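Okay, here's the structure, questions in a sec.
We just call them A, B and C in the order they show up, numbering each chain from 1.
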């Protein structure tokens, strides 16, 4: 494992990864400290102050209900990070489980699991998430579930590929001749060696999950008003966008920063831990 | 016979992650028309780099050539720009490489690739170029040349592909052919065929050949002259017969001694003899002869001064302090 | 090459995948919701209508029977009735289809062509300014939400620098060209009506660019990565040593090899474009299927949403199949394996 000192040294050399880490840390920190740093309550309406341009009193201006956009954007960070993390952790967990079984067992089990995976993958991700959420009923939780389902195949395939490759390695074959149980072999020998691509995929996946989830909210199927979710905010802001640009600009800017941060971080982890796959 | 290629005091350094790495130190070589020069040495001795330096295919391009001149038919290649070099490559100087499996573009047919090379250097239309390509394939003894022209590389065996490479290399009648370990990846029987082809081409057309290999056996069958390289330096150059039967340089001696023989040695000693130590890291700065740290005959002067080239009686060239001492 | 076996095998594969898609959509519309009948008639329908639909769906019958009815309706082109407009979903989608087709085609062409140009430029000029620029450009492309970039584009190019229109396919005072394909640009050209063509182009640029940006970024990245890989291959060194010119090496020898993996990515791109069209069409009031489904969502018009899902997914499957065929056509080694 790499010592903290070495990590700092690596970060110094890879500027982009450093920037990504800072961006992600920034968003997480503001999310955690939201109640401390926000001057207003995200939900309290103040109609007389509606649709005001950015000022010292309201850094990002106010929305159509007079709420402080800055406060709502910061609280939105909490929602987005939670959403992104949950989706990725659950999708990866379920996906890796089925992927390992599929890869290790082979035969009929493999074919069935692959058929299910391919079925999910024959739909464009946004469209499937849409249909699933509509069937389950609009809401942030259902959207998260839908996006989870849409993303599971990615991890199934990833894990299956890794298991297939590593299954034939000498140390795995040796373990099998010793009579070790499959579950133990997978946990002890195979998974530790898949960690890098898995970690990379998960990091990139958080950004991606935030994008789809906020798109769902924009469409109206995800977070419902008055939840200060970034996508939902832009959905309302769109109507006022031409004259009150700040309302739509800032939430989106934060989505950009968040997703960019995770993308840079994911790429960086890949470059550092697996330089063979670098350019 | 005149020299078609004359390399004088060539030094090459590559810049990479570890800084500037000197790869070749003061190389001097000559190739005559119709002559086959063999360059032998271990992996990492700089044999391939010498080949790339001649055609300016070094990583880092012309900037990697730090010193020296490469004179080809009177023209100094180190002074040529990239555009000027493209006129030499394929037409005047041709190369064949070690891995025939990956040397051909997988998405174009053989015919297409050969046609492109011919049409780049000669004023021929497509039909004439295809005809010449077919003729070249027949020259390298490929039966059914017409069918092979329509094949994709994956449809041919390694030996076939290497023949195709030779055909491509010779298609524009180059004055110099550089073969960089062309037989290393092939079976022994195919090796023999390839060596035969190269020899035939050389003698028939008067093409000069530089044959690079680490296999002394192959080199002994084919080459007229042999140059021995070690860690970026030339240590000995002479006629093949001379170098192989009467090696002067300690490294050459040790190299020849380390070839396992099928028969028991006269002195009954059956142990495999190896050269002690390891090839020095290219970054390591060694003021004197780079073989000195491993040489059993090393003297003080060997560690401090690079041995200058001596020309012996039979044209044999040597870089060794020992022999000078011996003469004195 | 396009032997009978090849065609037959692909058609069978297509049918199997279509069936798979329909099973899944059936599952979504009939199994997941608590009350499938209510989903189909809407919250405001009468109890009578609800009972009729329940009977029609045969909810008391085994799943297989329900699926049978579902698939038979599908084959007849019956996608149900829209709750919002009370008209057949299939007809409404057919009406909106050409607009979406035009938008996604223009976006696709933009994304692929510009993506390849950018990717090649970046790969050939590695680590120089154009490479860095293209990487930043790509990074923003894959990180910026489509709904945000659309709104920002509107603000900048409609309000701040008013050069593009905010909505519609052509100017309101012009009437659409005589319908041949449904694509205004093509129909306008066929009719020789250049005013319409120019207006159509003028209206499509902003939404197409926004939609294309994300995919352009992905294509550029892929092309760059593939080109770098290919340029390091032995056969490129061979070509160089044969004196082939730099341009020929890049654009003929290397590019063809690099485009093969890009082709696969392109297939996936279409799916993203179709999904993204929902957002872009809404922002730019583009009267296509995307806007249709967005309006349907506001109404919780479930039949319309599912109809849209089916049509888009089947198109996606078809396009990916075409990409696979094209890939095996271009890669001689795969053709050999297929035999």
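FYI, contacts are C-beta pairs under 8 Å (C-beta built on N, C-alpha and C of every residue); 3 or more make two chains touch, one makes a residue touch a chain.
Owing to the predicted nature of the structure, the values given are computational and were not obtained by experimental measurement.
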If you tally contacting C-beta pairs, which comes out ahead, A-C or B-C? Let me know.
A-C
The chain whose C-alpha centroid lies farthest from that of chain A is chain B
Inter-centroid spacing, chain C versus chain B (mean Cα positions, whole Å):
54
With chain centres defined as C-alpha means, what is the inter-centre distance between chain A and chain C in Å?
23
If you look only at chain B, which of its residues touch chain C in the complex?
55, 57, 82, 86-91, 94-95, 97, 99, 102-108, 116-117, 120-121, 152, 154-155, 165, 168-169
Residue ranges of chain A touching chain C (in the complex, touch as defined)
115, 118-120, 122-128, 130-132, 134-136, 138, 207, 211, 214-215, 218-221, 231, 234-235, 237-238, 241-243, 245, 248-249, 251-253, 255-256, 259-260, 263-264, 279
Write out the stretch or stretches of chain C touching chain B in their complex.
233-235, 237-246, 248, 253, 256-257, 260, 330-333, 336
Please give the residue numbers of chain C that touch chain A in the complex, ascending.
17, 20-21, 23-25, 28-29, 32-33, 39, 126, 139-140, 142-149, 151-152, 154-155, 158-159, 225, 228, 270-272, 274-276, 278-279, 282-283, 293-294, 297-298, 300, 302, 305-306, 308-309, 312-313, 316-317, 320
